[in-house]
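One structure coming up, written as structure tokens, with questions to follow.
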Amino acid sequence: MRPGAPRYDVLTLGESMVALRGSRPLKLGGSMDVSVAGAESNVAIGLSRLGHAVRWAGAVGDDEAGELVLRTLRAEGVDVTGATRDPAAPTGLILFEPRLPEVTRVHYYRAGSAGSRLTPEAVEAAFAAGPAPRVLHLTGITPALGPSAAEACRRALRLARDHGTQACLDVNFRSRLWSSREAAAELRSWIPYVDVLIASDDELPLCLASSESTPSSPEKTLLELGVREVVVKLGASGATAHTADGELHAPAREVRAVDAVGAGDAFVAGYLSALLDAEPVPTRLDRAVTTGAFAVASRGDWEGAPTRAELGLLGAGPGTVIR
Amino acid sequence: MRPGAPRYDVLTLGESMVALRGSRPLKLGGSMDVSVAGAESNVAIGLSRLGHAVRWAGAVGDDEAGELVLRTLRAEGVDVTGATRDPAAPTGLILFEPRLPEVTRVHYYRAGSAGSRLTPEAVEAAFAAGPAPRVLHLTGITPALGPSAAEACRRALRLARDHGTQACLDVNFRSRLWSSREAAAELRSWIPYVDVLIASDDELPLCLASSESTPSSPEKTLLELGVREVVVKLGASGATAHTADGELHAPAREVRAVDAVGAGDAFVAGYLSALLDAEPVPTRLDRAVTTGAFAVASRGDWEGAPTRAELGLLGAGPGTVIR
Amino acid sequence: MRPGAPRYDVLTLGESMVALRGSRPLKLGGSMDVSVAGAESNVAIGLSRLGHAVRWAGAVGDDEAGELVLRTLRAEGVDVTGATRDPAAPTGLILFEPRLPEVTRVHYYRAGSAGSRLTPEAVEAAFAAGPAPRVLHLTGITPALGPSAAEACRRALRLARDHGTQACLDVNFRSRLWSSREAAAELRSWIPYVDVLIASDDELPLCLASSESTPSSPEKTLLELGVREVVVKLGASGATAHTADGELHAPAREVRAVDAVGAGDAFVAGYLSALLDAEPVPTRLDRAVTTGAFAVASRGDWEGAPTRAELGLLGAGPGTVIR
Amino acid sequence: MRPGAPRYDVLTLGESMVALRGSRPLKLGGSMDVSVAGAESNVAIGLSRLGHAVRWAGAVGDDEAGELVLRTLRAEGVDVTGATRDPAAPTGLILFEPRLPEVTRVHYYRAGSAGSRLTPEAVEAAFAAGPAPRVLHLTGITPALGPSAAEACRRALRLARDHGTQACLDVNFRSRLWSSREAAAELRSWIPYVDVLIASDDELPLCLASSESTPSSPEKTLLELGVREVVVKLGASGATAHTADGELHAPAREVRAVDAVGAGDAFVAGYLSALLDAEPVPTRLDRAVTTGAFAVASRGDWEGAPTRAELGLLGAGPGTVIR
Amino acid sequence: MRPGAPRYDVLTLGESMVALRGSRPLKLGGSMDVSVAGAESNVAIGLSRLGHAVRWAGAVGDDEAGELVLRTLRAEGVDVTGATRDPAAPTGLILFEPRLPEVTRVHYYRAGSAGSRLTPEAVEAAFAAGPAPRVLHLTGITPALGPSAAEACRRALRLARDHGTQACLDVNFRSRLWSSREAAAELRSWIPYVDVLIASDDELPLCLASSESTPSSPEKTLLELGVREVVVKLGASGATAHTADGELHAPAREVRAVDAVGAGDAFVAGYLSALLDAEPVPTRLDRAVTTGAFAVASRGDWEGAPTRAELGLLGAGPGTVIR
Amino acid sequence: MRPGAPRYDVLTLGESMVALRGSRPLKLGGSMDVSVAGAESNVAIGLSRLGHAVRWAGAVGDDEAGELVLRTLRAEGVDVTGATRDPAAPTGLILFEPRLPEVTRVHYYRAGSAGSRLTPEAVEAAFAAGPAPRVLHLTGITPALGPSAAEACRRALRLARDHGTQACLDVNFRSRLWSSREAAAELRSWIPYVDVLIASDDELPLCLASSESTPSSPEKTLLELGVREVVVKLGASGATAHTADGELHAPAREVRAVDAVGAGDAFVAGYLSALLDAEPVPTRLDRAVTTGAFAVASRGDWEGAPTRAELGLLGAGPGTVIR
């Protein structure tokens, strides 16, 4: 990075897939809506809607499904010029099956996908092209996809440190992709590079060595290990941020729940948006629970993410009609 | 009006449009359902479903959208023989965009529409054709559409007085169409002609001169100005009627909310229906909150309006199956 | 029945129809989803999903609608080799019309249908083919369909007694098909054959002679008449089972209500499933309120019935995503 | 009829049903579109679209399906004030099942329907109410529905003669409803009352006694029996009209075929429209093949019927865009 | 096989997948219909619809997609009691993307699927369970899925010979799954076991060694190698059968093309159906081109397959309405 | 323009609107699909799909409809950084109503729209930002939208000349927007600036002064006036190009017609693509009729536009399945 070069806001990378969403149990047939999903691209879209400059540097196949992923990200104003098109592997699929009003079943078709074959070279290229990002955002899903993708993440963390880029990690543990032991082995080594750690309550131990993980306060341990902000998502109970200044809690925003999928990613987008705006922690938490509530109130992974102008809509009363 | 001539129940006029209703944010594309909406025609359908003889004397373009408006009103038994088809202007459109479960955004394509060009002559013709109506129903939307439409309303109010027809006004202030100052300037001059005034809480001051509007009880002032019944819609808090006999309150009916659009119009239809049935004020309020609840419980502007036989359905328990 | 012959689990019979389900009031047109419904086949599917071997021995027309009924039951693993195809009568239809979020109107096209012409001979054949069932399940709908169908039920009850098959009756009174007097005249004569009686609160008197029906506890009277288990469905208040050992109550499971249709049948399936598993009464009631809750939480008559593995899903918290 | 009283254009009567139209074979489930169908109401709508004053005097049940029939006819400007609502019988249903691109299977649920119970008294009332029609239109379907409906037709034919109303009969033989022998027995007795007879080639013998039906030219025999115009529909080969002036042929209009259902009724509407306009036979045939072609080019029974202004559209070239 | 034991008609095995079918290019999103596809199960359904007893012995995952495959086959009357549920691999997916009216693009998600892991043991079990089939049907797709699936096919061919079961092979070369060299290496070794070989024109060389494949008539060579019937599918040009008795050609049936996918499988079902009926070759070819035409005229892989009663429908004229 | 600066391929400007497309006549209601349309943006997308760098510099409202326009163009890789968002006017709408299989009716809601208020300043800015385009593409629709838009076009033509940018004009006369006299008055003055003129046969006279327009060959006159290439679209008859080298004709590509809307714009995209590739005139015409055929074969204005790799698909035979 040349000193003084302007930076763009966020670089993120990970697997995005074509998402198929049914309206009844899969085994009954019917029809499914086609969209796009991916934890990191959900965050990217959430940030772009809020006005931030975001780049997504994942990999898709050189197929129509990959084209849909890229079309969608471009539509949302996310820069995909650093994305890789892999001619030798397909774009992954994810099927969302509604089973009960509040229970969704997910089926993956991502084994061997282009997204899982993301390379460290692609990450190098993303950092090499133009100015450096202010924030790098990773999730704990990507290293579970395969050795190349894991190495790409590690490379990204090192490059972030080299470029003075803050690193944010959303743990997002997926038991279908790897065991908690495997996850812990990988993620613990990331902690020294992480500035902002976001996780649900039960995911915190995955970030600590077993010798470290017994303490009653994993948050405190993580702060001691150098993480600047530990943000804990508590679902309907809101969220808590732990920093050197202490602990702050924000309750969840009340909203009529439609689809919880994507709420965690929306939360991250809100948190990072306020961080990029140089807002203090209470404002970050507040924006995070607000964008999270938008996701819960909307069908889809990212479709309901608010623009900056829409952030205030959530407070409108029932039956609000904006004429 | 010849003395003793039989009257039909209600004449109403105003703009009705083709209504497009999406199931997700407009900017995401998808599809939209096509129907018809208009405050006055919503009232007309509500009354017709309850068995009253209603005429709608608005204007539509000489186009397919206008044909849809007329087809829909005819289907619902509303007499449209007095409606105008304007060959020189299109039928307006209204787009309803769902943004959050309880927040709907509305987009109008009605500038210069046929409906906004309604003429006083059309109103003259509507009164001249056959017997006079028992009730004339107007809203505060129509005068905001343009000078000709405003003059048509004034003409209608004068003709109503000449024919011994009661006049009902639902204030329905639309800030997108005019300012509250403009609205007040127009509507205050209508008050001497109005028998039944229906408004939401915050709309009452629009009906009073600024010298009059300071008092703590605008309802009382309106009664003093000659309005016979002042009915205040309070949304989830029900409604209150003010007459010479005092003030009466009715709570809202509990119902699972689906779509608040059209609830105010449905409320008016219920109120006028009971008034036409010569029911006392408590019954009028009760029917009004009941028809309003039907609208809240149904998708669309008027689609869920009850027939007289269905009025009792609202009390049925959860999970009722009528076999 | 040869002594010692292995038995399959359940035989049931009754009318199944093509079910058309709209998403708005029928008089507004639109579109309707096509499926299959029938109280007994709903129970059959519920049991098959839970792993039991079930036969359905109803009658359908030799038409495409009948083929849909049979395709659906076969898909669900219900044995229909004993079903009758009647070349001289059509398969019945049932239209479900949503009127309010919690009120559904039903329209039947089943007069003279193949299902209503079920014959005692078909029942004879069902018992004669292979081993006997452990349980026979009937509802009070079938005898209301016509004399032949009523006689088929009586024959089935006698054959059940002859074969040592337990008989279960779900009263399911349908006032559109017959009067309560007619129902009582028929059903009382069945009581001596019934082992498990399932009914809603207000249906119990239909099972007792007028001389018997005055007592404050019809359940006790029914037990005295030889019914082994009297299970009373109380909707949102749960259910109560009365046996020689006394009375047991289970509250309803909390769930977001989607469609109450089919909940009673799902309840029966859960109860019989646990009975076939030789579970004690509390477990039977518990499984019954659980399967009932699944039905309430799902659109359709039987579509949401759980497999055995899914029974535990109901306790998952809001926003559960099974990845 | 008072001499000189103004007449309206057409009175027609017969059964109209709720029509369900699938997009794939019925046995596969899926969904069906809900509309209305009936040979006579198809003709009524076709005529109303062309600007004629039409009354439909059939019977529907006092149910939501009947309301849909009436809503649809009112929407299309057909006068239904003479229609009967039968509280004791349901409105019939008709299911259209697409089996191959050019083969549609029809399933009726009309046995015992309100429409089949049409009474002579209803016909009397229709003639007694106001001025007489210029044309009465019947089809050979109605007498097949039951003795009351058959008697209603006979009554209508006699009243037509009494009132100087021309009678038009479209034979429309339905083998599912009656045998050709039954049809012939009934329809032959109608011939003396019929002014305009419309039939397909193979239906002509049904209008002649067996002693009459052998001749090579049934058309000539029918003319000799007093029919003024014998119009023979030949499908893709067009149509032929036989009158005292000889025989005239019109080829079919070329059009991309979408759905042949309703084409015959549309043909009748075109023919009668030109007859009411006092156009000569060639113009009648031309309008008939044109309206028939519109029906073939449109999905549904009547949905694509042209207005007078649209009649010219058919000649537009491929890819025409009317901006 | 015990001598004289009754046989069922056909055993087939191969991979069936959940099929998603869009109505516009995949990259534009939208929605997709969910069904089931698989060359062998298409044949199985086609045969079952024609009244034959068929078993399908493929493998699916122990997931909801697998359940949909089994539900569909059961619905169609195909015996799936010999199917394998693989807990360690998912059911494959296939996406059909319409690109032009006559061009469909296919995307597979079947790498590592349960269907591709079919085992020889499963085939052993299928032959061991009950009587032997009269015909074994395989395609050249299965051996391309992996070594285990290839070995399963070889085992099936040997078992067929041992049990006196005729073997039918539809070459169905898929260049996405293997090279023509690989295909030839495998399929040539099957020829000695094959009684009926079905292939398109350009697939024939795949069945011959390179030393054999030069001759001008590969059909003759195949007959010399012991194949009893060589049936060549020629698409719009019909089909040709080569036997010891010479060569026979049947032209394709004219039909309005809707979707060519599945036509080859439908052709095979028709051919085998007539063979099972002991019809001579001309009748086999005729039934094959007829069932093939049904597939071309219907959307989906197998949805439009005719029953025996429907075979005659194809000759019905345009605009046929079966009332 | 700095000498030697690299250029991007195409700049285009004009009005793009939200497009609503029904599947049946508008007056019958139903639903409409939401997309985007605009002659110039159709061309832009067509070019982008073929790999060219394109900028679109139109204006949309600062509303959700405008956001949909921009999202769509971004998705397709069209640079919209030069687009204007007008806070004071809405984005226009266009409704496509299918009336017959080959006749589409269009309804505009574009009066006073943001797109019609495009300013010369916006055009200045588009040229000022970065390198100059190689081609400027305009249509004759834009000047019909209002004086500001007309002036914007004139400015663009002058700037093109100043920057050495070739100008392409597609006449696209819209009689709903202006008279042929008005069109001619405007467009004639453009001719001196135009390098490539594309028009349908009957539009050519609009480009010539009345003194010029009588000649038998308007093409020759246009060439004499300095137009380098005159390309005449002849619909199903193909197209003809007139240059100094003479006249060249290309027949239309055969394709199953689905929707002719957008075919002209697709034709232009193909022509310009080959021109940018420095292909000779025959190749330009060939690519133009090919991309035009893709549009005719696809639903929507631009949705079916081919990528470069897909250009060859059109020659695939019927029933092609790309596996």
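As written, the chains take the letters A, B, C, D, E and F, and residue 1 is the first residue of each chain.
As a convention for this text, a residue touches a chain if its C-beta (ideal position, glycine included) is under 8 Å from a C-beta of that chain, and two chains touch if they have at least 3 such contacts.
Just so it is clear, the structure is predicted and the values come from calculations on it, not from any experiment.
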{"item": "Chains touching both chain A and chain D", "value": "B, C, E, F"}
{"item": "Smallest count of steps, each to a touching chain, taking chain B to chain E", "value": "2"}
{"item": "Interface residue overlap between copies chain B and chain C, same or different (over half shared)", "value": "different"}
{"item": "Chain B and chain F: spacing of chain centres that average the CA atoms, whole Å", "value": "44"}
{"item": "Rounded Å distance between chain C and chain E, as computed from the means of their C-alpha atoms", "value": "40"}
{"item": "Chain D: positions in contact with at least two other chains", "value": "25, 28, 71-72, 105"}
{"item": "Touch relationships between chains, expressed as pairs", "value": "A-B, A-C, A-E, A-F, B-C, B-D, B-F, C-D, C-E, D-E, D-F, E-F"}
{"item": "Chain E residues within the chain F interface of the complex", "value": "24-25, 28, 99-106, 108, 174-176, 235-236, 257, 260-261, 263, 296"}
{"item": "Chain A-facing residues of chain E, complex", "value": "18, 20, 22, 25-35, 63-65, 67-68, 71-72, 90, 93, 95, 97, 105, 107-109, 111-112"}
{"item": "Residue ranges of chain B in contact with chain D within the complex", "value": "71-72, 74-77"}
{"item": "Residues of chain B defined as touching chain C within the complex", "value": "255-256, 258, 294, 297-300, 303-304, 310, 313-314, 316-323"}
